[in-house]
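Below you'll find the structures, each written out as structure tokens.
Both of the next two complexes hold chain A, though its partner changes from chain B to chain C.
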Partner chain A sequence: MAVRHKHRETGTSVVVYADNYINDIEGEKLEEMCDAFLEKGFKKIVIDFSGTDLVNSIGVSILIGIIEKIKGKGAVVFSGLKDVNFQIFHIVGLTRHIRVYDNEEDALKESASCDGVSL
Partner chain B sequence: MSGVDLSLERLLFNLNTLAELGEEITSPKDFTRVVKSSLYMVMGTFSASKGIVFQYDQSDGLFTQIASKGLTDVRGAGLKIGKDAATAIIRNNKPIDLKSADPVIALLGPGREFLERLGARVLAFLIVKDELLGLIAMSDKFSGEDYTLYDYQLLSVMAQHISFSLHSHTLLMRLMYRYNENKGLYENLRRIYYDTIHAFAAAIDAKDAYTKGHSHRVSSYSAAVAREMGWSADDIEGIRISGLLHDIGKIAVDKSIINKASPLTSNECKELNSHPVIGYEILSRIKFPWKGIPMMTRNHHEKVDGSGYPDRLKKSDIPLGARIMALVDAFDAMTTDRPYRPRLSFREAIDEVKDHYNRQFDPEVVRPFISVIRKEVLSEVENPTIVPLMHEHLDPVTLSRILEGFPR
Partner chain C sequence: MKDRTLFAICPDAEFFGRTREIGDVLARASAERRAPNVFLAGKRWTGKTEVLRRIHRELFWSHSRVVPVYYQFKGPLDPEAFAEDYLKEFIKQYLAFRKREPDLVRNETSLERLERILFDEDAFGLLDFTLIHREAKRSNDKTAVLRNALGAIELMTRRTGTPVYLMLDDIGESLRPSGHPGPSIERELAESLNSGSFPFIAASSTRAFLEGGLLGSVERMSLDGLDADTSVAMMAELCRSRNIAFDTEILSLAAMKLGGNPMYMKSMVWAALKGGRDLKDLKSFVELYSDEVFEGNIAFALKSSLKLKGPSELRMLYALIGAGGARADDRAVSGEDLRERFRLSEDEFSKAASSLAAEGLAEFALGSVKWAGDSTTADFVSYMFETRIKGRGADEFRTSFTREALKEGFIARGARVRGRLKEDAGAALRSFNGQKLMKILFRNQAFSLTSRNGGWKPGERKDSEDLALPEIIGSFDSSRWEKGETGPAIIIAHGFANGRYDAGNEVVWMTAVKDSPSPVNIGDVENFLRRGQILKENFRTTRIVRWFVGRDGFTAEAQKRLEGEGVHTSDSVQLNLIRESLEDASASERLKRDDKILPMKEFEVVLPSSTKAELVAVKAVEEIGTEMGFGDNAIGQIKAALVEACINAFEHSKVKAGKVFLRFVAGGDRLTIHVQNGGVDFDSPAAASGASAETDLPRKRGWGFELMKGLMDEVRLERINGGARIVLVKYLIKKGETGGSEA
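On to the complex of A and B.
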């Protein structure tokens, strides 16, 4: 059975909740899902980590996959990172490429055209 | 390969991945899933955006891909090498930079262009006991940084883990039941784990000029006592690891406090005494394949009369492993030089243990500790661990004199 990842659509943006499934290879379905949102015309994807305890190396690899996949098609930003997750993203270099917001509301406030992936 | 940024966070992230990788490859999950997860773990560790795992067939020299990520089309992806290349790869047995002048690269022949077309930058061959089993090829880092020397070392450790998994699978495929051989490999795997943590423990000890080797000694003394108490091999391994990491919280304590020769102010004392709790917080974030490591670390300064820290636990409320570590930790501290005093003689240290018997130290732990020392002096054990590290010669006569009047 296909797992429906939790998400919330608002205007041209969509918030996707990473929760803990990002840490399993099944979490890769998120990549297709984000791609599909952009195909549908959404401009910005906020990946929210407020429900994620600890991102592991599989999670990092899936996130890099998402960023690579939607490169040039839209923007992706992160929100709700716990300290430990922020540190991990810093170590692997993700924070240098992805804008990080305290919470999803702040992430949504920024206009979709001037932030996100700068690859 | 440039310099190394070895922050505590990076080490923890990497140790955690090693623990998860160890768990993954020994799990009963479907083989392709295990290989895929392993590849993702390697890629996530180095933030590589493309990666592929090949299985090698010695009979025809062909590599077949068994998992990949970030590559659009790898169907028909084939890589073939000659006998010479395989021999050189096995002899070399370490990850290589595809852009380097490593002689192994030249031996890859057309395989080199093939790998470059795939976007590969680093190659980690999967080798077990002089047998080439496969290859992990990975792209440049997503972050644009270079692979460091530390990255190469870590990749080598991870590749060994994965080789083990491939090897067991290959064995199963051949329907060979080589139990003993596999057992040896499993030992190997633990060794890799142990070595990684060991390197980490050395970093902890390095912070304290006086305690060089302290974690290592606490580790082997604890294991010796646990063995004497009849613990299982697995639990002994656990306390051995715990001993290596028990002072990890000192990483967060100011170096000047640790090495201070004069008495500490109450604030400094508070800071130093926070190390078991900090250690606990660090270690409880790591998924260890052994039980109780965070708690043993937290409670290694408790005393059986309840006057220790941080939880002021009494006797049986203190985890047994922590009671063992409390004793051997204090014993090692007494028998080595410290900034505030020279070391005590063996006799003086034993007298201290005697004085604090059933107050600081648990009789149930002191007894096996004494009995290990006695056996070591009488050469009744094969690999003595405690006595050889004492700075004085201990013969049976001296020992029995020292132990005279010791509560039995």
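On to the complex of A and C.
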């Protein structure tokens, strides 16, 4: 199980580790963290789902809200998605709007090279 | 907030179920094209009045093009008094709707005052009716008085072009003889309704009006007691809001005993509150029940509504109950028997039977009478008979009643989740239509052996051969032929084999069902074989097929004896597989193709309303899915879909903090999950439409159903009485796939 919403800062990017179950409560916590990092001036946020087993539809709606909020101010990418979570994001059409990487390292590398990708 | 009350109704928080019925009638009332009129039939206090008044309220406030008119019959009235009351109600409600003035509906108004209002409002069209009414009264022309009142709706509709929807409550009351001279209310009323000039719904707890041929073409809508889940949800909510301790299983038992009757259930909760009692165990429920039904509010309500005219009616009722009245398979008693038993003349008998039918307690047709009341009324009648006629002491009767009820309750508790096997077997038989099913599904010994060995290789055994089923044309049970016989009734199904309707291909399937938590034993088998031999004499056909279905299988001795006699044998797992194969031909093919037949298992989980309660369901399905052989990804998909179904069920639970009921059925080739709440509805799949443009971000809400559909192989939303149920299905081998099971 992932450690609850720990994060790792690297330059202007930050990796946020999502919880095991993303519902309304955990989704809102993620949202608060992302808001705080944007406030601090981070340009890219990698949300790492490698410790996430389940994302429910309310969690999905909060993630859509996070992406909407960051739009124009920075970039957000996902990493470490389990197959079922990728499928969930695909069904709701999120994968058309966001880059998804196998792991956080790839996400950091890519996000470093794609500065300014706005959503 | 605006007071939307018109006629008195119970608080919304205490009104459960009936969404489908109300929606259906509203759709008819407001349809552009005329829909068939409705006869709403239901036993006493099942909520007919509430349904009609809620429809009236909805039409009054939300549908501008139809004038709703509600009239409740109030017992025997002189035709003139009835006409005045009816006319007043029509005018009041018509005016209230036009002026958007609900007080006119709520308040009692004299005809004089109403006339002044009509005059002030220049409502001369309506005023005409009151003037004609007075004139006809003055000339003592009762027929003209009646026709003026009953014809008012038709005339107003013609004059204004605005449709009226008429709701007649307790229409059966209009049949009561008033003892007053003059024209017959029911004949004039029937004529007005059958004119076809306005739509209506008529409600009654007796079928006399309908069966008397007084209503022309109407559709019958039944309002039975609330279903088990809605009843439990209702009682739980009432208990919770009044701080009465309860156990869900006891509420479920109470719901069953009270037949889902909302008035009885509310009375029980109210009695518990008044007496500082609870509904936590069987004994407290049985004591509360006997207090309420023999001496409490329910007794009072029954006493005042039954209107029994004398001991002969009470005796007759008791005899009907004794003939099996309180059971579902109630039987009619011939008038001849009753006349002889109670020494009644033809005329006395006919009067008593008609009077019981008018009260909704009996059905009287072709000279025979059948109990038509509910089980609670049957208990009350038994109490009255035993104490008033037979002279037993009230305490003596209550002690023996409590003793029997406790025993019955324990049996009912043990069998709560059961009781459907006979229905399932009957349904399976009725769906026999010349299909071919694997023989192993009718051979319990071979099936059990296969299951124990972990699977069955097709082609390995002769049991993989098919059994050709006949085409069943009808079925019934043997009870009429076996009066006094012990053991459950045998289902007799008639049909033809080989698709040929001739004497040579006629066949009868005799099916015994044992639906108790113990295997079929040699005693059961001997009983069936003996009875089968006797029953055989009733059929012309020589081809008899015997089938024994036992919930918990068969003892070795029973299996051997049945096999020796060539009797088909199935347990509940086999029966489920048979039903699935009959419903879906591809299921049968998949079963044959599958490399093993897994036994079917069922699990039930009840989720409380608490944070992350859905994770309990997730944990359960993870265990079940792993044991069935689903791969990690499939299990992940099932978990995610189940979470969505649970969230949806909690969100739409009618009860604050209501529970969600889950049933997992692990079948041979699929996992089926039923998710049900005590609520009104789930989000409909259609609610999730309206995706944003390609470049926009996806919409935020309403993804639940789409996720379920995307992650599962089948998702169904089944409407059930009082709510809805989501059914999720995941196949071990997907439909249409030739291989590639994840397992």
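Just so it is clear, the second predicted complex is superposed on the first by the 104 of 119 C-alpha atoms of A that agree within 3 Å, B and C clash if a C-alpha of one lies under 4 Å from a C-alpha of the other, contacts with A are read in each partner's own complex, and residues count from 1 in each chain.
Convention: contacts are C-beta pairs under 8 Å (C-beta built on N, C-alpha and C of every residue); 3 or more make two chains touch, one makes a residue touch a chain.
Quick caveat: nothing in here was measured; it's all calculated off a predicted structure.
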**Message:** Quick check on the superposition: with chain A as the shared anchor, is it clash or fit for chain B versus chain C?
**Reply:** clash
**Request:** Give one of first, second, both or neither to describe whether A:21 is in contact with chain B, with chain C, with both, or with none.
**Result:** second
**Asked** Looking at the overlay, what does A:87 touch: chain B (first), chain C (second), both, or neither?
**Response** both
**Request:** Using the superposition on chain A described above, determine whether A:64 touches chain B (first), chain C (second), both, or neither.
**Result:** both
**Prompt:** Should A:50 be classified as contacting the first partner (chain B), the second (chain C), both, or neither?
**Reply:** neither
**Request:** Run through 113-121, 167-175 or 491-499 for chain C and report the one that clashes with chain B in the overlay.
**Result:** 491-499
**Asked** In the superposed view, which residues of chain A touch chain B and also chain C?
**Response** 25, 54, 56-58, 60-61, 64-65, 67-68, 84, 87-88, 91-94, 96-97
**Request:** Spell out the residues on chain B that touch chain A in their complex, using ranges where they run on.
**Result:** 7, 9-10, 13, 16-17, 20, 33, 36-37, 40-49, 69-70, 141-145, 285
**Prompt:** Which residues of chain A touch chain C in their complex?
**Reply:** 21, 23, 25, 53-58, 60-61, 64-65, 67-68, 71, 82-84, 87-88, 91-94, 96-97
**Fill in**
Listed in rising order, chain A residues that touch chain B in their complex are 24-25, 54, 56-62, 64-65, 67-68, 84, 87-88, 90-94, 96-97
**Asked** Tell me, which parts of chain C touch chain A in their complex?
**Response** 611-612, 614-615, 618, 633, 636-637, 639-640, 643-644, 647, 691, 694, 697-701, 703-704, 706-707, 710-711
